[in-house]
Structures are given as C-alpha cells and as structure tokens.
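For reference, the structures are reproduced in the following blocks.
Note that chain A is present in both complexes that follow, paired respectively with chain B and with chain C.
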Partner chain A sequence: MKRRKMDLAEAPKTFAKGVDDRFQAATPLRGLLNKVFPDHWSFLLGEIALFSFIVLLLSGVFLTLFFDPSMKEVPYDGSYLALRGTMMSAAYESSLNLSFEVRGGLFMRQMHHWAALLFMASIIVHMARVFFTGAFRKPREINWVIGVLLFLLGFFAGFTGYSLPDDGLSGTGLRIASAIMLTLPVIGTWLSAAIFGGEFPGELIIGRFYIAHVLLIPGILLALIAAHLGIVFKQKHTQWPGPLRTNENVVGERMFPRYAMKQGGFFMAVFGVIALMAGMFQINPIWLFGPYRAAEVSSASQPDFYVMFMDGLVRLMPNWQIYIPFGDGYSIPPMFWPAVVGLGALFTLPMAYPWLEARKLKDKRSHHLLERPRDNPERVGIGMMSLTFFVVATLSGANDVIADKFHISLNAMTWAGRIGLLILPPLAYYISVRICLGLQQHDRQVLAHGVETGIIKRLPNGQFVEVHQPLGPVDDHGHPIPLEYAGWVVPKKMNRLGALAPAIKGFFYPVEKPAEIPVSPAVGGPVKREEIKSGR
Partner chain B sequence: MTSDTPARRRARVFSRRRGAPSRARRRLGAAVRMIAALALAGGVYTAFAPGAFAEDTVQLSAVAQEGKALYDTSCITCHGRDGQGVEGRGPSLIGVGSASVEFQVGTGRMPMTRQEAQAEQKPPQFDDAQTEQLAQYVQELGGGPELPEGPLVEDIKTNPDALARGGELFRVNCTSCHGFGGGGGALSSGKFAPGLHDATAEQLYAAMLTGPQNMPVFGDNQLTPDQKKQIITYIQLQLQQEKDPGGLFNLGRYGPSTEGMAIFLVGITLLVFTSLWIAGKS
Partner chain C sequence: MTAHNGATGEAVDVNDPHLTRFDIVKEGLRRDDIEIITYESQFHGPNSKAEKRVVRNISFLFLLSGLFTLAFLVFYIVWPWEFELGHTMSDYYTPLLGVSLGLGLLALGFAILAWAKKLLPHELSIQQRHGEPSSDDERLITGQTMMFVGDELGVQRRPLLKGAIALGAAPLGLAVGAPLVGGLIQNPHKDKHPIMYTTGFHPSKLGEEAEKAGKKVRLTREDGSPIRPDDVSAGGQMTVYPGIPHGATNHYADSPTLLIHLRADDAAETRANAEADKNGRNKGSMYGNYVAYSKICTHAGCPASLYEQQTNRLLCPCHQSQFLITDNAQPVFGPATRRLPMLPLTVDEEGYFVAAEDYRDVVGPDFWERP
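And then the complex of A and B:
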C-alpha cells in the first residue's frame, strides 16, 4: 500500500485554505493585518492599561477560586500565628488563607493589586498624553468620553476590590463610602440602608461588592474597552505631523508582523514589570490590619492612590454644615461638597472638554494630526491646572503620612493643601502657558533665522554678530527666507540638520556603528569635510 | 509625836495612799498623765506623719545621690529644684516614677533640645548607669510607677495565645496613633506618635505605664501587666522582625500612600522607558 505523502511545508497553506473555504476570512483578515499604525513611544501608554487589565482578569480569576465572599464569623485557625483564634469574617479568613496556605496565592494577590494600581496609573498617563496632544478632538470625542468612563469604572472596580478582604483598612474605607452616601440630602439614609442592607456594616455588603467586583464592573469595563479599541480601529490612530504625514493618511507600520510583534513584546514587558513588583514589593499586608472592627481605625488609613484625591478633598474641606429648616429638618454636611459634587464635577467636566474647546475655537474640522503641546498653550495650561489640582488633592489624601515622615505639623499640611488647592493650579496655568509660548517663539525664531552655529563674527565696525545656519534657501542678501512652522520638531543643533534622523539608533547604546567615511583608493585618504564658514 | 516609829510611819504612808489623796498630789498626777499622753500622741504623730521639714532630712540612697548630682546639672533648669517643676518650662516630677525617667532619658527625649510640640527621640545623653541613677533619684523624690521585674516578653512556646491576643490589643489600643504596622503617625499641631521599630521591651512597657509626651497612660487597671506584655510580644515578635511575606521591600508599611508612589516611580517609569525602547526600534 502506498503511504500517503504528507508535505509539512504545505500544511499551513492547506490549513489556511481550508479555513478560508469555510469562513471566507482572507479578505477581511488581509485588511486587518495590513492596517497601519503610526509609531511613537507615547502611543504605547494606553497599551499599558490594556495589558494590565488582561493581567487583572487572569489573576482575578485565580483569586476567585479561593475567596469566600461571606461575612459569617469564624475563628481563624491558619498558619499565621498572630491572628490564631481571632474571630473574623469568612471573607477575611479566606483572604488570609489565600495569602498563607494557597501555593502562589500571595504572589497572585499582590500581582492583582499591583496590576490594578498600574491600570489606573497608566490610564492617568495615557489620558494626559491624549489631552496634551489634542488627540481627543473631533472625530474622537466619544472615545475620550469612554476613556474618562473607564477611569471612573476603574475607580469603582478598585474600591470594591479593596473592600473585599474585609480587613481593618478596607472596612474603614467602606465606612467612609457609607458616610459619603449618608451626606446625600433626603435620599442618603435610604441609599446607605439599601446598599448595606440596613445599618453599616451589616452582613451583606461583601457579597454584594463581590458580584459587582467580579462580574458587573469587569463586564462593563470589558465592553467599554472593546468599544474603545474598536473606535480607535475605525477612526484610525492619530499621528504626529511630519514629512509625508497629512490629515488624510496614516504613516506607520503594518499590524502584522512588526506591530503585532512589538505589542506582543510590550505585553511581556508589562507582565514582567507587574510580576517583578508583585515579587519585590509587599502590597496591602492584610494580616497586619486584622479583621474589621468598627472601633479599630488605624492612623494612615488611606484608599489606593487613585481614590486618594477624593480623600484629600474631604480632608481639606472646611467644616461648613448647612441646615435646612424644612419638615423634620435636613442638613448638608461639608463632606457632601468634595465627595459628591466634587467627584461628579471632576468626571463630567473632562467629559465635556472636547466640545467646550471646539466651541471656543469655533473648530468643526476633523483632526487626525496631533498638535504639539506648545502649539496650544491654553490647553496645556488647563491640563496642567487640572493635574496640579489632582496632585495637591492626592497629596492631601496622604497628608498625615507626609506630616509625620517630613516632620511637618498636620495642621500646617491641611492649610498648605487648602491654600495650595486654590493658588497652585492658576500658577501652573500661567507658568505652563508662558513655557509653551517661549518654546513656540524659539521654534519660529529658528525657522526665521536658522540654527545657531556657535560662530561669533566681528564686523569691521567692531560689532559682534552670531552666525546662523539657515534651514532653507536664502535671498539675494544672504538672509534666510522665513519658513513656515509645520507643527513638528525644528532642528536646533547643527548635527541635527538634514532630512535623515541621526544615524545612531538604539536606546541604551548604539546598535549600529556610524558609517565609515568611504575611502577612495584614487585619492588615498578620507574625503575632507568642508568647514562651516560664516557665509559672508 | 512620840509614837512616830518607822513602822508606824510606813503604816501611815500606806494608809494615806489608800485614802483620798491630797489636792496637791492630785494636781501633780494629772499633770504627769497629761504630759505622758501628749508625748504619746506626739510620738505617734511624728512616727506616722511626714513632718513639715521631712524633705530636709530625707536620706537619699547612694545611687539617688549620684542621680541628684546629674539632675542638678542637667534637668534642674526646666524641672526645678527637687523636681518641683517650673511654670511654663517643665512639669513637676513628683510622682512620675522611675519608669518615666527610664523611658524619657533612655530614649534620648530628655534632656529636651528645645521647647516644641513634642520631644524628639535622639541618641541618649546619659548611659544606662546614669539613667538608672536619675530614675532612682526621681523615684525617691515622690514615688510613682516602676518597671516590673522579670521578662517583659511572653514566651510564645509556653503561651502560644499571647501573640494573637497581643495583636488584638495592639489594634484596639495602639493602631489609631502608631498605625497598624507600628510605623508611627501624625497627631495635631506637630505632635506625633513615634514609630515602634526600634523600641525595646522596657521602653514599650514604660511608655504604656507612664504615657510619655502625648501618649495616654495605660495604667494597670486599663491594660493589666499581662496584657501589656502581650502587646510587647506582638510588637517585638511580629512588627519589629520584618516578617514580611510578599516582598523584599515592605515600603515602610505606610499603606496605600507609599504603594501609590511605588507604582509611579517603579512601574510607570520602567514601562515608559520600555516603550521608548520599543518605539525606538523602527
């Protein structure tokens, strides 16, 4: 019997043909794989968030296998001696067991937590990039709004996750959340009672937060992330202006193979950094916090950093309580303003920003080319103002730790935060606008006069002038003809001149040696380079 | 009086004794009894009650006299003569006890550098022997709490519950200022609860017993000596020994504030450099 011939080299081809015969995938796949992505380091910041979300899903699934979201009181009998015999909720007990009994459990827990922090941190950095480069402009406003919503959802995902272990710190956080609900006029008490199933803390909240944390919020997050990426795909990625780049094209690399390989490598790097941090840095040592007891509140009880701005605003708020003599009497506690009104404003204003800016600039065009931050000083000013506000509020959320470790009075820290919150943002606005204008002016100066050569020439009348190397053609008198600003980097050093980028590539060390100057055997020596002269 | 023989005279004397005494004798006897009663009352009084000039005559032990010499050169400016305190400078030391001195001087908080919200810990200015002398002097000035004899840390081999009980007591009584990791925390107006990482068992016990600086006193009716020892056991065997599962670095155990710093300084920084590196490869 003749053995059937199996050609291994043909196998992928026959397999692919088989797939295409059945699903007609070739045409759409070709379009997908050939899709071009512009390449710039700042476009990778959003990917950090995407990849840490994947790590969050993977590590989170592992954690659910061992976590028991129940508030039933049980005595601890695990291997951590310092809590043995203590009564605690089953949720806290299972978190401890996850940390001490499950093989690799503590590592996975720490990975999950660090990935969550990285997710939020990279969202902030990515949003800053999108904002300062004007990438949110038409047609991408909706994607910007989705991005803000993703931050908000990440905020709640983080908070619910922080609450699940039911340790001393998370219980304190829950108490604050319940207090924020109670500040809502009229409905506050009802809302808190509905969520906690009665008086705080009740016996339901961990189970409810568990479902929110493992199903509802990640589900919505996943849907929004899919929409976010789908819209990027549909609208194409923005790109920096530059040679051959216009508002109508995209210059970059095809998705397959280079871009996909880079992304694969970057995923590994993100995964590696999270794993490195999870292995090196202790995070959320729940065993020190003990089981939650309403009477035990530790000093330096803080939420995770992305919630800290709200904690900071609450700490800075003066004690202004408003009494409304109506019916049985209502009151609006001071906490209502930073925690409810403030949080609401801090999320709705950024969402509305793309339309506000377009309205102010009367700009209805679509923009696919990014703007350098210096080209829109007002936007940079507003962005820096918001960032300063966020940073002051966040630092105020940790003001007790800062006060203690830097030997500053806590009262002084509170007042510094109050004054700083009002004074620093406008100052940041002013300074960044001035810096942008200065950078802009310098670019235009170089375009008009040329690059500084470092050559000082003395004229017959004794005057000293600096010689500039014009970037473009010169007129009859040898003066450069002013060039138009194209929105991209203007060379400012002599060795940056020319159409090509510097020959040496590589980030940490040159991976290519600079090309040797060709030696002609006829001349017998290297070609002499012409010295730059004054030109006059 | 011819019949006045010695025998009769004796009989007469005895008969007089048995009869009513003369007026002069009665007065004399009353006076003697009065003096005896006064002497007795006065003697009992002087024996049991400190006299108005007791301080001048109190005999300090040899150790306390050494302590007094140190006191009179280093402490008297603020705490005044004989530890009576100086208004606006330093409190009276009558009754603070040797435990307080051992804590304040032993941790370098006293003598204070300057008047401020709270004395800072610094390298001790007196060695152990001198501290003991000062402590003895203050103890003999007016008594007060003293450190108990014997070990202050429970042996968890014989008493395995001590660690967990100590942890529970620590979280109820201590974390609100010192933090769950014992790293310390801020109080109002520049006051603070210090970190507990370098505190010895004696210092911890003395601090609970005497409530130095802004710390409340945890007297023996609030935390029994056994409970104090359990707390010390938890601090020394759990918090001070850097038993940190889950990492080489515990980030100071300050909770989310240092974790937030780490994610930006380590995580984001590493990844931004990585993205620069990857994007540079085109």
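And then the complex of A and C:
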C-alpha cells in the first residue's frame, strides 16, 4: 500500500506485456489488425446468412426456455378463447403459450422464423454470387462443398423447426415426410418405424426432432460455419479484376478499423430488418391452424419457401409406379423419384461442379480473381438452367394458391409446371448464353472503337456517322488503337468518362461544393456547350 | 526482418523517437507485406464544415438509436401485452416491439456504417497473397515423416498385430453403433395385425372377447357418437372414425374415413363399378346409397378431404391428387397411383353404421412391400 503504486496509465501496457509473455500474441495480432479485405457489395450476401444465424441462435435459446417438446395430450386452458378446452399436444400448447402468455414471446417466435427464412434466402443468393463469378474454383472447391452442405443442413434445420409446434400445418408436413421415408425401396417401412418409433405419428417424433433441431443440427451448422469462415480467412477473399489487382495480391482496406466497422454496422442493419419484419409481418399464426389431426387439412398448405421446390417436384411427378413382380410383388411409389433421388441429385451435382468444370476446361490453376459472368457463358447458362428449374419447382409448390388467386384451372397449373420444368431450363440456358456472348461482343466493340457519344456527324459526302470517343490512344489517322480486354467493366456511356456532372456528395442537397472540374458544362451557371472532340 | 516479395521501402528503426505513430504502423504493414497506396481524409483540411456536418449526422443517428431502443424498453414493460379477444391495445404490442427495436438497430447500424464510410479516411491497401503451395522439399519431408510414423509403429512388419487390432477394434465399433440401432429399429411387421395393414376398424381393436363374439367396429363422429344412415343427407358427406377408445385421435392416424351418401344415380354407377372391381375387393362394400372411402391419400398421406360434389371427385390439397368417387376412387389426376381403399359398410342390430370388416386394401401412402 505504501510502496507499490498502481500507475493506471501503465496498466494497458503491463497487461499487453503479460499477454505476450504467455501467448506470444503481438505478431499474429498485428497480422490480424492489418489483414486486407477486398470490398464489393456482392461479398456481403454471405454475411447476411451469418448474421441471421446469430439472430437464430439468440432467439432460439429464448424459445427453448418455454417450449415443451412433449406429445402428451392436454386440454388447452390459455387466453386464446377459440381453442379453449381443445385436446392438444403439450408441444402445441406450449407454442400457443409462447405466443400468448409470454411477454414478448410472439415477437421472439416471429423473429426466429423470419431469421430462418432470411438465412436460407441469403444462402441461395450468396451461392448464386459465388457460382456466377467463378469464386468456387480452385483453391476454394472445399468451401463451395461446405456451402452446399450448409444449405442442406439449413433445409433440415428449417423442416425440423417448423415441425415442432405440432400444429395442423406442421403435422401435415410430418405426414408427408413419413410418406417420403416409406417410398424408399426395401428399408422404407423400417426407416419410418425407426424414426417415428412405430406407426405415424407415434408419441416420440416431436422430442426427437427437438433434440435434432436444438443440438445436433445447429452443432454441425456451427462447426461448418466456423470451417467456412476459417477457410475464407486462410485463403483470403477473392476479388474482382481491376486496376492494381492481380492473382497474387488483395486490394482493399485493412480489417481494422474500417472494414470491421462496416461489418458491425451491417450486422446491426440486418438485425434491425429482422426485428422490423418480426414485429410487423405475421408469420406462421399457429393458433389459426389448430392442433394436428390426421383427418384435417386446409388448402394452401405450403411449407416454408426453401422446401417448396421439393413439394413442387412431388406435385409435378406423374403417377408412374414401378411394380416388381417378384415374390409377393414389390413396388416403388412415384414420390421416391422427386423426393429421394431428386433431392439427392440436387445436392450432390452442385458439390461436384467445381471439379467437373475444371476437368472440362483442363484448368488446374488457382484463381483468386473473379470472372465476370459474361466471360464464362456456359457456366452462366448452367446456373440459369438450375435456377429456372428451382423457380419452376418452387412456384409449382404453390400451384394451388396460384390457381385459386388467378382463377386458373388447377390441372392446367400442374401441366404447365410439368412442361415448364422440361422446357424452360434449356430455354434459360440458351437465352443466357446468347446474352453473355452479346455482352462480350459489345465490350470488345467499345474497346476497339470507343464509346458511342450519341452525336451524329454529317460528312461532306452526305454520309452520317456516329462520333465515337476512343478509350485509349489513337493512331496517326485518328483511329483508336484496339485495347486488350482486362476482365473488368468497360465504360460504355459518356458519363462514365466524366462527360456529365461529377458526383456530388449529399443526399438531398450538396454537402460540399463540387470541385472545379472543367469537364462538365451541366453544373451550375449558364450552360455552355462544347463540341466533343472525336476520333473521326 | 528479412525482405518480402513485393514489399516496398526500407525497414525503419521503430525505436527512433522521431517516428510518428503512423510511421510505426506503416513499418508493421511493411512487415506484413502490405502497402498503403492511398490514405487520405475525405475532407478538405481539419475541422472543415463538411466534416462537422457528418459528425453531427452520425451523432444524431446514435442518439436516435438510443431513443428507439429506450422506446422498446418502455413498450416492453409498460404496454398492455396480455392477449384478449377483440381489438385491444395488446394487438399493437408485437408491432410496437418490432418497430422500436428494428428502427433502433437500423439507426445504430447506419451510424456505424456512416462513421466507417463517411468519416474515416479513404484507404487503398495491397497485400500479397502468398498462396503458393509448400516447397517440394517441405512436402517431401512431411510425407517422409508421416511414413516414418508408420515405420515406428511397425504394423506392416508385424502381421499378427494387424490382425489383432482389426479383430479387437471391430467389436468396439459395433458396440458404439449397437445401442443406436437396437434402440431405434423396430419391426413394422411384428404384430399379429401389423400396423401397416391394420386400421382402427379392425375388430381386434375392440378387444379379444368382442372380436370372438363377432362384434364389429362402429363408425363414429369425432366425439364418439355412432351414426345412423339417416344422419347423412343425400349428397352429403361426413368424416368418421372407428368407434373404439381414442379412435378419433392421432393414435389411429390411418383410420379417418369419409362416409358419403350418394344421390341415387351416382350410387347406381358407383355400385356397378364396385361390383365389377377387378380384384373383387370392393364387392359388396356399399350399404344402400352409402359408400365409405379412406380419407388418407394413397400418395403422401394427407387427408384427401376436398369433396367436389358436382364432379364426384375427392381432391387432396397437398399434392392435388384427384380420385373419382363413382369409380372405386380411382386416381384420375395428379401424382397418386393407387385408389382410395373402400371400407366395407353395414349396419348393426341397433341400426348404426359398422365396418363389416377392416379395409381390404392397404390404407395410406404406398411402400415397397405392399402386397
């Protein structure tokens, strides 16, 4: 007390010294602070999934405090009068109580559900970004595979999750899941009996789905997300081509402070949007569906959107049953093909794609520069083909609602889906490949001849020509020297070259006066027009 | 420090007291193979008017965030939240929570984003990737080290050990999996009346004595009350359950049945088709103008409960399979391949509907070993 004086100003230094003595943290920490990240809006799509997952974990923990995963039949005695006295499972009762008797419980439930939808939606968009820009190429194939697995796990997390409340809608989903298990050749009935503990629905399934939903699946998800991010960190992020950017460097900004702040701010914004949706948009009003009864279902029984493609495929599948005249006779129901084989193929084919493409292109190099979609038309075609297939299947999952709302025959919708599923994907392939080739051609055209100015000039002989602004140097005759395509945006409009007003800061009115830039006659003061010097 | 590829500039002595903090940071960047190309303020000079305005806006966003979040807390605590029927203040509880928290978080998010994007200096840095694989020597050394581990264990040289390990470890592996398999797997065909082929209308569900006495299972409403033919008007239909304990619960999820009172002409057609049934299972199953079909769709097990009186079709709302009532409930559209089973109907001595016997076709979604 007398001699050992604590110098508060020295405390951080002492602490840091102590940490480094024990963990040798200084050098790796500096590397972390200095790590450079490339920036582009499309790199943030995956972040939305990550942030939604964090919201899912937080809101999910809250829900577990009140949910009772039991199928014991109890009479309802809560404040929602319409269901009072109804016999229902304890799971459904506790879900109702979460919505009605827990302060803020409904808000948390809706936040959990909206976050789940956002999680899956952002995974899909993020995957599309990675696919179309070729970010899955060597050395990132494994991370692509992990990404596909994350979607698959999210699919099962979502399915087990919306089965838990044991309301009329989720029971119907369980029934279909049991029927899908039954379609498996040889082991079908055994598998269903094992999972449901006997005949559907039994008394165990909610408890089993609960442990899968709150422990097993999120545990694997968490591990895979950690691996996903760790690999991104280790391999460093891809970047778009552009000035200074090569396959060997990363051009961007240091992680701290600017990049990390942007991430934090974006997290808050995503969280805020989820909270807004959770408060304002009702989702899954389970009290309207009533408890699950095997004899009851309503029309417009749709699963969550990311499961709808499978439901759609099941609806579109023609009733082709395979009979095997052997012994007592065996059969493979038609649902086996879309729900088991289809789902399997839809997940394994994308996983294999990076190697298939590399094999086809005989490409063994590592790629850290992204490819503009137009520069690989075939990949874009394949991607658009898959997306079209997914969209047609998803829409078909709601074909009864579409038929009802637009007064179309239901059978016509089914046939439209069947034909559309076969015709539209190849069409999408063809159209997108043509668009890519057209865009490529236009890029080369601008590089060779310059930007169209929109100025028509009449030559002495009466001929009209459009004046082109060359992007680079010109030769002795004033013709532009063709430029090499750099894999990056080619300016195609005069205002990209600074022919119009320079960008002014400020949202409604300028924050600062624009710098004195002589290129623009359009800002302020009387307009003075000048002829644009051309190459011709 | 050794020189790096692509690193620029010379190493400086970081202990030099003349260095600014930024100089030391730049030395660190150099050591991490990073070069700052541009690092410039977004404003002209210190304390410019524009900078002050941006700072004001960001501070306003932070304050706004605090205000909304505070509002969230107030709503959460004060606003009446307990659900009551009808339009009450509590209807606005969840929306108020969402709007206040959402706007609070959005304001916070935009404050941080604006700080990062508008206030911090513009920066462009280049870091070398160093993505090249390990050198051949390194690979060779690591490979040989791993092989040497094998040598040290000497399993290759000691075949006895190899066999012993295999035989010793296999039971352990099986022991790990056994409880999972043994606990979960159940034989779906084990009962005397296997679950896959039996519904609640099987007389055995009444108990052994009643079954021996030739008693039959009644058709009942959800509340368990039996049904007389007069209870269903012509053209009407009713969902019925087996008249056994818990017959109307999910314990008998395959049992819900649709009892239809057909109009005379439809009934005649239905009867003709049922009598002409190829495998004869539907023969004599109707009672007067009444027919009963399983409500459980043969496709995925949803209740095929949408009854279209005009066309005499039953439609399943899950995948739109359609079944023609007058023709043994054969599927006429959609993914279902198999007709809905028909329940053999009759009435008991008291005049109530009973199932003459259990369904003769297998009820519910199709599976591999269905006979």
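One rule holds for everything that comes next: the second predicted complex is superposed on the first by the 481 of 536 C-alpha atoms of A that agree within 3 Å, B and C clash if a C-alpha of one lies under 4 Å from a C-alpha of the other, contacts with A are read in each partner's own complex, and residues count from 1 in each chain.
Note that a residue touches a chain if its C-beta (ideal position, glycine included) is under 8 Å from a C-beta of that chain, and two chains touch if they have at least 3 such contacts.
Quick caveat: nothing in here was measured; it's all calculated off a predicted structure.
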{"item": "Which of chain B and chain C A:279 touches, first, second, both or neither", "value": "both"}
{"item": "Which of chain B and chain C A:183 touches, first, second, both or neither", "value": "second"}
{"item": "Touching partner for A:235 - first (chain B), second (chain C), both, neither", "value": "second"}
{"item": "Which superposed partner A:266 touches (first chain B, second chain C, both, neither)", "value": "both"}
{"item": "Chain B versus chain C as contact partner of A:100, first or second or both or neither", "value": "both"}
{"item": "Partner chain in contact with A:30 - chain B first, chain C second, else both or neither", "value": "second"}
{"item": "Which of chain B and chain C A:250 touches, first, second, both or neither", "value": "second"}
{"item": "Touching partner for A:463 - first (chain B), second (chain C), both, neither", "value": "neither"}
{"item": "Dominant toucher of chain A (residue count), chain B or chain C", "value": "C"}
{"item": "Contact residues of chain A, present in both the chain B and the chain C interface", "value": "81, 100, 106-107, 110, 253, 258, 262, 265-266, 269-270, 273-274, 277, 279-280, 293, 295-301, 399-400, 410-411, 505"}
{"item": "List of chain B residues in touch with chain A within their complex", "value": "117, 156, 160-161, 163-164, 166-168, 171-172, 175-181, 183-190, 192-193, 234, 237-239, 244-251, 253-264, 266-268, 270-282"}
{"item": "Residues of chain A that touch chain C when the two form their complex", "value": "30-31, 34-36, 73, 79-81, 87, 100-101, 103-104, 106-107, 110, 139, 171-172, 175-176, 178-180, 182-190, 192-195, 197-201, 235-236, 244, 247-254, 257-258, 261-262, 264-280, 292-301, 311, 314-321, 328-335, 366, 368, 399-400, 410-411, 414, 505, 511-512"}
{"item": "For the chain C and chain A complex, residues of the former touching the latter", "value": "6, 28-29, 31-32, 34, 37, 44, 48-50, 53-54, 76, 81-85, 93-99, 101-117, 120, 123-129, 131, 184-189, 195-196, 239, 241, 248-250, 252-256, 295-296, 299-303, 305-306, 317-321, 331, 333-338, 364-371"}
{"item": "In the complex, chain A residues that touch chain B", "value": "39-45, 47-48, 81-86, 99-100, 106-107, 110, 114, 117-118, 121-122, 125, 168-169, 253, 258, 262, 265-266, 269-270, 273-274, 277, 279-285, 287-290, 293, 295-306, 308, 394, 397-405, 408-413, 505-508"}
